[in-house]
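Below, subunit A partners subunit B and then partners subunit C, in two separate complexes.
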Partner chain A sequence: MLGRTILSVLLMTSLIITSGCWSRKELNELAVVMALGIDTHKDGYAVSAQVLNSSELATKSGGSIGSLPVVTYKSVGKTVPDALQRMLSMAPRMLYLSHVRVLVLGEDLARQGVSDVLDYISRNHQLRTNFFMLIAKNGNASEILEVVTPFEYIPANSLYSSILISEKKWAATGKVTLQQFVNELKQSGSDPILSGVQLNGSSAEGQSVENVKKISPSTLLQHAGLGVFKGDRLVGWLGEPPSKTVNYVLNRVESTAGYVSCPSGGIVGFTVNRADTSLDVMLSAENIPRFSVKMEIEADINSVQCPININQPSAIEALERSIEDKYNENIEKHVKDVQQRYGADIFALGEVLHRKYPQVWKTYRSHWGESFQSMSIDVHSHVAIRRIGSIIQPLNQEVDEK
Partner chain B sequence: MQNITRKEGLQEALPILISEFIENMKTRFGQSGDIIYRELLLGTIPAVIVYIEGMGDPRFLIEALHMDSPLFKELTNQSPDDRVRMLKDLTITMGKVGEATTYSEVEENVLSGNTVVFIEGTSTSLYVGTEKLKQRGVEEASSQSVVRGPREGFTESLRENTALVRRRIQSPKLRIEERKVGEHTHTQLAVMYMDGLADTEVLDELRTRLNGIKLDSVLESNYIEEMIQDHRYSPFPTVYNSERPDVIASAILEGRIAILVEGTPFVLVVPALFVQFFQSSEDYYQRWDFASLVRLLRYLCFGIALLTPSLYIAISTFHQEMLPTNLLTSLIGQREGVPFPAFIEAVIMEITFEILREAGIRLPKSIGQSVSIVGTLVIGQAAVEAGLVSAAMVIVVSITAIANFALPAFNVGISVRILRFGLMAIAASFGLYGMIIGLIVLGLHLCSLQSMGVPYMTSFAPIRWRSQKDALLRLSRHNMKKYMGKVKS
Partner chain C sequence: MIKYKGIAARQFFILTFGLTIGTSILVTPSGLAHTAREDAWIASLCSLLINILMVVLYIAIARLYPGKTIFQMNELVLGKILGKAMSLIYLFYFLILTGTLLGNLGFFITSEMMPETPIEAIQILFLIAAIMCARMGIIILARVGELMFPWIVFLFMVLLLSLIPQIDWNHIKPILEDGWIPVANAGFHSSMFQELIVLMVFLPLVKGERKGEKALLWGAVAGGIVLSVTVLLSVLILGIEQTENSTFPAFALAKTINVGNFFQRVEGILITLWVLTFFIKISLLFLSMLHGIKTVFRLKEQNHLIYPFSVLFIIVAWNTYINTVYVANIIQQVWASYAFLHLLVIPFGLYLIGLSRTKILKSK
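Here is the complex of A and B:
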């Protein structure tokens, strides 16, 4: 009995040893891809991968030879995986895609359509679905992945955190993950948007570490508004104010800044601390949908550059009203603009209709692209000014009184 | 066997003559120098007292027998048997006196430190309780020290130990059953329990198991523990031990049964439950909220001590996608240039640590310190600088070791140490998948264990809501008016 027990334990142990850890990969056998760039090429796709140069990350001295912490490999292939395979002819380690932080698509590719590329990206089990997607505005994705950035010595991380912070505080960029993009693409009542990124400076200068050795780096990566997609094709770019509008309507604004003119000339600046938007749809008697955007905004005054008597509640109320007017007017204008110019439902109005009146939606579904252009949208904003800062009266007014 | 045949060859009943008695005793004990035969006269009657120097102290007995009392004159007039009775009833001032009529009785008494008085003319001798062993006084318990709470620890003397418990439970319901085990050692054993609180089934089971013990010698309570535990091959202890009288008293008050063994300060408690090994007596001496949090911390430490190295191996060699990206980049940087796979690295470090621990534990304190300094320097710094191991692995091994020390019961710490290596091997071969299977097996094993017929995981599996007040947490005493932990099979 004991003999049999020992034998079976031995056999089971040998099972562990002989099967040999087949999916094991040590950390120092990996080339971690931090960012992936995809461009069009006459032979298919040009793929560039920003890979962690791990020996440069070593904390101990000796391993490092003073080169940069990332290497960007470039290769061409009929398909994206084909190009990635070919990359192994240059890279000494297995490419590991699970930690991709940003996927940059070249503008040409975006204009041709991104579905084919995204098919691989979504199909591959290694890739997560929560990395950010960007479009290289007026350029190639590979250029974006070749810039040495300050602060974060891994450029992909720099790009990643700048998307986070600009989305949070500036509200004119889009923090769009693969998951979100594909959802918006596949829903019949919405079109996706993607944030653009461009080089501020020359590509050649940005490639060397000399770039960040200067107090004012000659080449920087810059976010450049939102790209509007119709289906899977990029159809145009929005400037800063329309980009903000899109984020307001999609309820993605956390905080941003703005200004409004005073009745007596000059301007008052404000910070938005909370913005809450709800989209709704009503049906008219003829079953024509009519959309409404309701916005609740809480703002703080951050700079007063005109002579108003701000300690009067009426002055604050007047300011609130004029901010509301500005919002109503601008947002309505920008939405119209998108409707007319691109006919792309990046506000997901179709989905709102679909959810509220599924029956009505059925009649629009097949030709929503055209119908969207003629939909009317009302904007109602409500602004509340919460704080006016550490001083009360504008400095220039106090000067006048003396 | 030889012993027994020799014994059988000897006559059992005591003789009448002193000279014959002494001669026979000397044959039985050989020429052992520590056995003292002191001959004296009671009035006119010759007598001899026999004791072992160092174990018994018959000073007061000798004084009592040397008193020039009129009783001794009367003694001469009595018949031999009445003399014994008279001595016993009137002369001897000691508390514990009895009659011994056979050599084995005499032998046993002399060996346990009593003094035997043999009077010429009768084959009935007297034994007098004169045990007096030079022993360690009650000192602070070194294996389970507390910040707040009694400092006393048990000593090597069984009597002293039972008294320490009795002093805490002054109840007539506290019962002590004594017996002797060990063919050669005749070690005294005391089973202590509260009548009415202790489960009779558990008690009967314990008695049966104690009766079944066939051992030549019992020098420490572990001899008994190994004989009475339910599962010989489980890494988990199913018998609790402590050298603190307050812990034992509280266990007895919870309805558990304590087994005290002569010669060791470590007292056994059955039935022992899994939760018990995570409780410290101090939990009850500090505020309940703090005690509850500390208790949770201990369960966390159990998890850390058991799992950290294997989790590190599994995640860093199979599931890199689970790491936050920034952590991954920093880990990759550290592992760069390390020549071994993570598993080998972990095993090297763990074994080195076990060596250090083993080396430090038995060394004199002054040398132990230098061992730990060399250990920290060599392993902590030099190995990382030389690129043999990664800094992260040093952190993993150290946190594992420290968490291991945070477990209040040393013996559950041992189980964790053993299981850790198994889990590391599984993690290295099958990743998290293997670890989960390993943990499921471990869970099943824990649930299958019993201690004296009581399920080991009691209060979790089978779940007992009432006893949750003192299991994972320790709630306020207002919530625990009755003894919650009364153990039932």
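Here is the complex of A and C:
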């Protein structure tokens, strides 16, 4: 009995001291990649990786040699993992991809098709599927990863949070994750979109820490509308209003701002607080689908730049109607534009049809790209103005001559 | 130490539950999504139904020969020589099953969690646990199961609840696009992976009249529901394309957990869920094979066979699980019909012959 006790105590102690992991990787052996950029190159792919310089990040004072919190490595390879391996000829540590927050693809690459690159990204067990994807508009992904940003120590985090906030408050960008992108790509009734990002300023100046020492940094990263994909190829860019339309139709608008003109000239600005969109499809007698977009919008007036008498229920109603008209007209126009110019179903209308009338969808499935261009889409919006802010009448009102 | 004989009905329920979930939770969603598309979850319910039918069949056989294991029944029904041959066929089936199970576990861990650890190290470590369990016997396993069960339920609830915010109902629409045929097909296919016949070895050990039968039925139902929920969640969250194209959809699912940017990257913990059920399944198979060999060759003692068997398992594992694609192909094309033979055709034959035999005996 005593022997057994001793044995079990021995075993338990060895459990504590001999535990470990076969393939353990300590933090000081890893180079944590925060952002990946991929561009085309004549020899395959040019990959850039923004790597966390952890020692610089941890030591705020003392020990720091004043280097930047991140390092961007660049290399070329036939495949993405090949290029990443080659990066080890420069980086002193093993690249660790689990914490990638942003994946930036160069515009050239996006135009040639992104499937091959995304295959590696989805196949690798380290990479997760919840990072955001962006396209470097009019440029290379590597340039985007070489800009020192204000506020955030780590430029990748800056990109990440600016997507989050701009999507939430501005609604002209898209926070698209790999999972979402692949789903939209693989479904036969939808085409993907990706948000664009571009340099506002020169690439050379943005690379040094001097950039953020100025009160107005000479180079900033700027989100620039949505890129339209047809299949896995980028076919064009949408400006700000069409990008917002896409987000409205896809029911991804949380809040945004807009304006509408007054009957007597001038404009009234409003904030959208809630927007709810539902897509539906009806069949005509000849089984031709007809799509409808129904929007419920709640708005607050945020600026009145014309002399109207806002103190009247009828004035608010008139504003509501004119906002509705504007929405109906603009969204219809922008959707038609996407239909005709790109023929890419980024609104996933094909999936709407698929869900509601699977049998009809079967006849369209193989040539949805062309059929989509001739589909008719009606927009019905309903706007309710809730609040008008802290003052009632516009300051611009003509003084009543009593 | 007081020696308990027999398993409590509750413990048997847990064993059934573990066996049902076992490997299926990792592998089946992908096959279901491939064939049944948006209706994978309905197919999974179909598979539950088929499993219930099988359990009813097993119970019917068990009632013909109360207190006998499947191997003993073989001999009673088919006569000594044929019966032993049949038992050996079953033993071979169990052996292949154990091998693929070990292989599956090894590939799962090495491709998703620890790519640099040799697959052999993981398999051998796991096998050591199974060996210990085999030495201790079924009663200990039943108690271990009882200890594990709350954890399995807890982890599953964590998985379920933390994924709710990400659900997109559009992924499962339209319902029944291509009618019932692909759904039934996929359901049948997936029902061949919950080898409940293994439990026919342990059913006689359950204490209490008819309680074991009830436990078997409810265990299969509970396990089937967990599987269906997993399939439903995979499709609702990953979408069909990614469920179909993932090597281990349930793990891909766990990877997407993110509650308020705070509760995330927990798949390493949730993996316990699968490893625990794997353990129950492999230990049950191990014990049933020992028992089978003992019955067939009329051995007095079965524990001497544990080590040779474990070596055999490892060898089978290394040779059956050559690579993921090869196994996926076998699973898609061969396994269902192979398992169908052992899970339904033979038991049904046994039942018919057994029934006529007992009838004749009675009429005499």
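Keep this in mind: the second predicted complex is superposed on the first by the 372 of 402 C-alpha atoms of A that agree within 3 Å, B and C clash if a C-alpha of one lies under 4 Å from a C-alpha of the other, contacts with A are read in each partner's own complex, and residues count from 1 in each chain.
By our rule, a residue touches a chain if its C-beta (ideal position, glycine included) is under 8 Å from a C-beta of that chain, and two chains touch if they have at least 3 such contacts.
Remember, predicted model here, so these are calculated numbers, not experimental data.
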For this session: Could you tell me if A:R128 is touching subunit B, subunit C, both of them or neither one (first, second, both, neither)?
Result: both
For this session: Look at the residues of subunit A and decide whether subunit B or subunit C touches more of them.
Result: B
For this session: Kindly classify A:V182 by the partners it touches after superposition: subunit B alone (first), subunit C alone (second), both, or neither?
Result: second
Exercise. Between subunit B (first) and subunit C (second), which, if any, makes contact with A:G239: first, second, both or neither?
Worked result: neither
Exercise. Of the partners subunit B and subunit C, which touch A:P358 in the superposed model: first, second, both, neither?
Worked result: second
For this session: Scan A:G231 for contacts with subunit B and subunit C and give back first, second, both or neither.
Result: neither
For this session: Residue by residue on subunit A, keep only those touching subunit B in one complex and subunit C in the other, then list them.
Result: 21, 23, 128
For this session: Spell out the part of subunit A that touches subunit C in their complex, as residue ranges.
Result: 21-23, 125, 128-130, 179, 182-183, 186-187, 351, 354-356, 358
Exercise. Which of the residues in subunit A end up touching subunit B in this complex?
Worked result: 16-17, 19-21, 23-28, 30, 32, 34, 52, 54-55, 57-60, 62-63, 96, 98-99, 101, 126, 128, 154, 157
Exercise. Where on subunit C is subunit A touching in the complex?
Worked result: 111-118, 121, 170, 173-174, 177-178, 238-239, 241-242, 252, 255-256, 258, 264-265
Seminar exercise, completed: The residues of subunit B that touch subunit A in their complex are 316-318, 320-321, 325-326, 328-338, 341-342, 384-385, 387, 391, 425-426, 428-431
